[in-house]
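Presented below is the structure to which this report refers.
Per-chain residue numbering starts at 1, and chain names A, B, C, D and E are given in the order in which the chains are listed.
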Amino acid sequence: MSYLKIENMEIAFHTLKGKFVAVNDINLEVEKGQIISIIGHSGCGKSTIMNAIGGMVFPTKGKVVLNGKEIKGPGPDRGIVFQNYSLLPWLTVYQNIFEAVDAALKNKSKAEKHEVVEKYLKMVNLWEHREKYPKQISGGMKQRVAIARAFAIDPEVLLLDEPFGALDALTKASLHIELLKLWNLTHRSKTIVMVTHDIEEAVFLSDRIVVMNNGPAATIREIEEVNLPRPRNKKDTVNLPEYRTIRERLLSLLVEKVALEESEFYKEEEKAA
Amino acid sequence: MSYLKIENMEIAFHTLKGKFVAVNDINLEVEKGQIISIIGHSGCGKSTIMNAIGGMVFPTKGKVVLNGKEIKGPGPDRGIVFQNYSLLPWLTVYQNIFEAVDAALKNKSKAEKHEVVEKYLKMVNLWEHREKYPKQISGGMKQRVAIARAFAIDPEVLLLDEPFGALDALTKASLHIELLKLWNLTHRSKTIVMVTHDIEEAVFLSDRIVVMNNGPAATIREIEEVNLPRPRNKKDTVNLPEYRTIRERLLSLLVEKVALEESEFYKEEEKAA
Amino acid sequence: KNDVSEKEVIRLGFIPLTDCAPIIMAKELGLFEKYGVNVEVTKEASWANVRDKILTGELDGAHCLFSMPFSVYTGIGGKAGSEMKVAMILNNNGQAITLSKDFCGKVGFKQTGKVASVVAAKLKADKEVTFAMTFPGGTHDVWLRYWLAAANVSQKTAKIITIPPPQMVANMKVGNMDGYCVGEPWNGVAVKQGIGFTEISTQDIWKHHPEKALVVNKKFSETRREDLKNVMKAVLEACKWLDNRANRKRAAEIIGKLPYVNAPADVIEARLMGDYNLGCDQGIEIYRDNYMLFHRNGETNLPRKSHAIWFMAQYMRFDYLKEAPDYNAIADKLILQDLYKEVATSMKIKIPEDDMKPFVIDLDKAKFDPNAPADYLKQVNSINQ
Amino acid sequence: MKRAIDIPTAVAGELTKENNASPSSSRWQPVLRKMASVLVGLSYNLLGFVGLIGFWYFISLITKGELPGPKATSVVFLELISDPFYDYGPNEKGIALQLFSSLSRVFTGFLLGSFIAIPIGVLMGSNSFCRKVFYPIVQILKPVSPLAWFPIGLVAFQSASHATVFIIVITSLWPTLINTSFGVASIPDDHKNVAKAFGFSRWKYLTKVLIPYSLPHMITGLRLSIGVAWLVIVAGEMLSGGMGIGFFVWDSWNALSLERVISAILIIGLVGLLLDWGFSYLEKKVTYSI
Amino acid sequence: MKRAIDIPTAVAGELTKENNASPSSSRWQPVLRKMASVLVGLSYNLLGFVGLIGFWYFISLITKGELPGPKATSVVFLELISDPFYDYGPNEKGIALQLFSSLSRVFTGFLLGSFIAIPIGVLMGSNSFCRKVFYPIVQILKPVSPLAWFPIGLVAFQSASHATVFIIVITSLWPTLINTSFGVASIPDDHKNVAKAFGFSRWKYLTKVLIPYSLPHMITGLRLSIGVAWLVIVAGEMLSGGMGIGFFVWDSWNALSLERVISAILIIGLVGLLLDWGFSYLEKKVTYSI
């Protein structure tokens, strides 16, 4: 039996206009230690699925089973990076991480906890900004705090909702490495589910990639296996023919129609110019 | 004299630990009709500069002059896409745009205003979601509402703070086109300042690219001229040698150190595997 | 005469006390109609409330403490110089001083001489001694202070507070108050509930003292003199009716009802009939000629200037006033004695001739000459010191 | 910010953990749902009342009936409400008539108070100059007792009934004022920036940003205010006498009839409850859901 | 959410538009800055007071001195405070002594009330079962007048001074309770989810999420409550007699000495103002800045 299992899941929301089915018929099995990415167009239901695994929303049909148990709510076995960061505004950067660590890592001593916080703050390069409040830091910095927080509690499952979206290339690359480090530290026993818009990122990091259809009532369109060898090295991996194939495949799944539109526009523009 | 001019600007924040200088010594001149991108590492002060142009924060030294007048606050001459979207939670998607249009486009009739709203909602592909409240839509959808709102008021200056950050490739591409359309419609008289982490996007869209140093007290490192011919076509442009040069140059400016770190990690990982 | 209801309404206020009987009975017996005035009687919340409403004209007149107009005019219980007019006296007697049951056995009925030592003992035990009355400069205030002075208790050592009557009972119940002076039925209620006993009735302090009066708005008395006269006639007739012992049972029943005093008729009735259960196992004291009286062949109802002067002299004595008021002028101004005489004459009611003649207060046998209040004050002050 | 109840959450998100999404639940008719939820709500309320009455009974027991218990009170209570509309002259009127007279004063006072409080609250919340100028005045006047205002009202209006309304106005407006200004002052900068960036007119800012954001605070303030107004009416009518439920309490207390006092308390409370339901309803209608 | 004043904003963000960032401003010593801002603050307050006094003077003029004006009152006021500590026996005590006796009652009642109100408010805000059960009780008891509670308190406690404290407790706790429960109920789901996702203990949730978020609401409630407590002390002391500023007001009103009533109002107001400054200070110390 697989570690994380989504069975026939439908998630609907009450709205003033009635029931709105966001996702439907979702079936997914994830083995322990896998890295899974979910990609799809804006609004197709990626965050909704993540939230269902996180325990923040409940399926209206079907269920999510983690480690044999149905998910009934959030918990520190799953470290979450929320799409909107969700930092507590009255705590400093340091405290935001410390309180989470303090709550989740019950067996450690205070000193150890502080060490953990320091380590992860340094990892995301925010040690000098540790005394600032969320209001005083930039969007990317907030995102990094959220990442540090999720990583620091060393969860079995990491749920990352566009975790690197607000980061520049350099910071993003270094955090990719940190993610993989973390994963390797526990000998690849951490399960990671990630939403991303960056196809390169998805291919580079994942074992499998879930491509969603468009909503409403979005379903899974396809699941791509990424059979690139690990360890993957950015420079080398990019040049593998398999990498290219998968990338092209994903792009074509997602971008199909754009070529047409685009070309029309350019023609018009040329005329205008 | 240039249209938008930043002169010797310093922006500092009061914090509990004293004055924190975010950016310093910023000098920038933008001609009417130019598209400018600002890139830099997370937390270097890009949003701060945008907010200074937007009139949301005030320089502690120097000044920002738009069209010959010093900027004293926000105003509908500048359409802003905030990094955190800033939608009003008690208004529907439709109303969020309509109220902005209603306030900014004083000369139009009600019916015309509704037309404008409809047009831009359709542009960002949210017409079916127009009755939803911000809470009920996804992150990318919020970003699109913010874009539609900024575009719809047809401002002289567009200030876009990571406007396409939460969007998938397809949506992003189509919004790039919409941005260029809008710009062309007014015969390239709209001035656009944009923050982005996506180097391709920056090169493809901009006339000039401002590269920032790291903070604190970040300064401008370099300003790259992008002399690619317009109209630019994604497919063709990518293959121009000049495009490549600029791209590489920007990447090297930003990513310098990452190669080293990365390679070390991979070595370790190979050992482990 | 039957179209009374078309006439302009005259509003008379009353406070739920036994001695509001003349006004209530005039209404209930239809006497106001008989004299062609359209009177509405309304229950009021407190003496201060009565004062304010008479002054603003919301009430044309009210059942009111006799001394209130003087207290108000001299600035003790109101804004100095505000005029309220006394049209007639409504009753004599019928108030009392109740002591808490803590004093039971230590002080008996009319054993005023024992009060001082008991109070001193309590003060020594580092407790406060608190007495309550109903309105500063009102009759109860003066009875209380007069009694304290006679008992040789310094007004500086005992706390004297103004609070609404039911609070007196409630506070005494929980041991927060040592004594109070108030009108019936509150003294009877205290006895009935077993929380206090009657130390002395005010008629034992001063037999046939003036108590409540019909006090009216100044403008009303000036502009609607005829109406006022008719009101007074009706009230006088009610007073006469009330002094007939045979009628008192009925009166007690009526005023005990909900819209009026809203108290058990038996408590009202007993004291109205002169049968005072004193409480604290002291048995029953029977009053037959000096219980609450409303008419006494006209002796009661004449508003006497000499009495007003006596009250003002007490204000001087108890340090309410620093300078002597113009006794005679104030009494002249606020007492509508001529009006009363006119009404009484028209009803063939005897007009007593004793105004401005010296009289004696029973409790301390002090003689008071209304023509020489200064001498009186000199005399009492020398005794006090 | 929590807002109205009908936040669209995931259907099953409303369910408790134990009672997880059963397939049947989604087939319920909305009407049925609604009725069921109203019934459940009422039963909770009932539970609350029962608890209250139990507590009361207990207190009455340990004071050995000094405090009349629920039974003794209910007799008087039923008698009171059995003929609420009789009118035997100015001093004897049915409880409903008394109630109406008080309600009309309370409402006049409350409405006048709100008309003063909301604009001043908005001003104080949105303009730091106004805040600094008004704040000390508010702070000085807020704690002043109705008892102290009454003579002033009387002098100013020369009428006890106007003075009563006046003391309701002046003592009940503070919660609305303070909560409104708190709500307005706490409008996030983000929202204000939107308004500025798109050139919202004053009116649009008021109706589309300020009011929607601070409405829940205002309504909380109004709720507290109407509570204070009810609280003050008793003091007011005690001072001014005349008619009304407040004077009824005073009069009953004068007659040492605790049963009547408690009955009046219950009636005042029930009316207060009704008023509050009105406010909740309003709140649900007008507030936004995040 | 606006929070404490010391939100780190762009230096010049605090300046008004006219007075734009001058280079010198950044060279000011913080102490000097602070002093200047305190002075400016005081001068605003002064402006407020002057306005109030002007208004009062005006009213006193149009009532032709029926309402004593500032001048007449100030004589009495100065007399009152010139020798605030004298003690000439039970009927004549300096205003300060009266004030202390009231203050101690108000504080006892207010503190007890807050100790009841905050936990119940938190419960009601965070738990919908508690909300449903307590809500109707709150609604029924909230509007009950201190006057009506007094006899009940007397019967229950058999002591007038306890009863006075009791009526302060029971009438002043509602604003704190309601504002607290409003604050707690409005904690955004985002924050709650963080707590759940990271397995916050109950205690941590309370101290790190619930209280920081709802503290401004609580403090607004406490401010209103202390206002109500002051408001009730007058009613309480009037009913129980004895000592205190409330009894002083009642006594002065019985004697219709409006100068003394107004002086007492001013004193009550000033003390209220001081209390409130205490709360603002507290608020600044403890609330977070967004």
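Note that in this section a contact is a pair of C-beta atoms (placed from the backbone, for glycine too) under 8 Å apart; a residue touches a chain by one contact, two chains touch by 3 or more.
A quick map from chain label to UniProt name: A, B = Bicarbonate transport system ATP-binding protein; D, E = Nitrate/nitrite transport system permease protein.
From a predicted model like this one, the values you see are computed outputs, not experimental measurements.
Any chain that touches subunit C and also touches subunit E is listed here: D.
Looking at which positions face the partner, subunit A and subunit B present mostly the same ones, since more than half of the interface numbers are shared. As a whole-number value, the distance joining the C-alpha centres of subunit A and subunit E reads 48 Å. Taking the mean of the C-alpha atoms as each chain's centre, subunit A and subunit C sit 88 Å apart.
If each chain is reduced to the centroid of its CA atoms, subunit C and subunit D end up 42 Å from each other.
Residue positions of subunit E touching 2 or more other chains, listed in rising order: 1, 3, 8, 66, 151, 238, 250, 253, 256, 258, 290.
Within subunit A, residues 13, 15-16, 20, 73, 84, 136 each touch two or more of the remaining chains. The set of subunit C residues that touch two or more partner chains comprises 48, 52, 164, 170.
The residues of subunit A lying in touch with subunit E in their complex are 54-56, 73-76, 78-80, 82, 84, 86-91, 99-100, 102-104, 133-136, 149, 153. Those residues of subunit E whose C-beta lies close enough to touch subunit C in the complex are 66, 88-92, 150-151, 154, 157-161, 163, 238-242, 247, 250-251, 253-256, 258. Partner subunit B is touched in their complex by these residues of subunit A: 13, 15-17, 20, 39-43, 45-47, 83-84, 129, 131-132, 136-141, 143-144, 162, 165-174, 177, 180-181, 184, 197, 199, 230-231, 233-234, 251, 254-258, 261-263, 265-266, 269-270, 272-273.
Those residues of subunit E that touch subunit D in the shared complex are 1-3, 41, 44-45, 47-49, 51-52, 59, 63, 66-67, 129, 132-137, 139-148, 151-152, 155-156, 171, 174-175, 178-179, 182, 185-188, 216, 220, 223-224, 226-228, 230-235, 238, 246, 249-250, 253, 256, 258, 261-262, 264-266, 268-273, 276, 290.
Within the complex formed with subunit A, the subunit E residues making contact are 1, 3, 7-8, 190-191, 193-194, 196-201, 204, 208-209, 212-213, 287-290.
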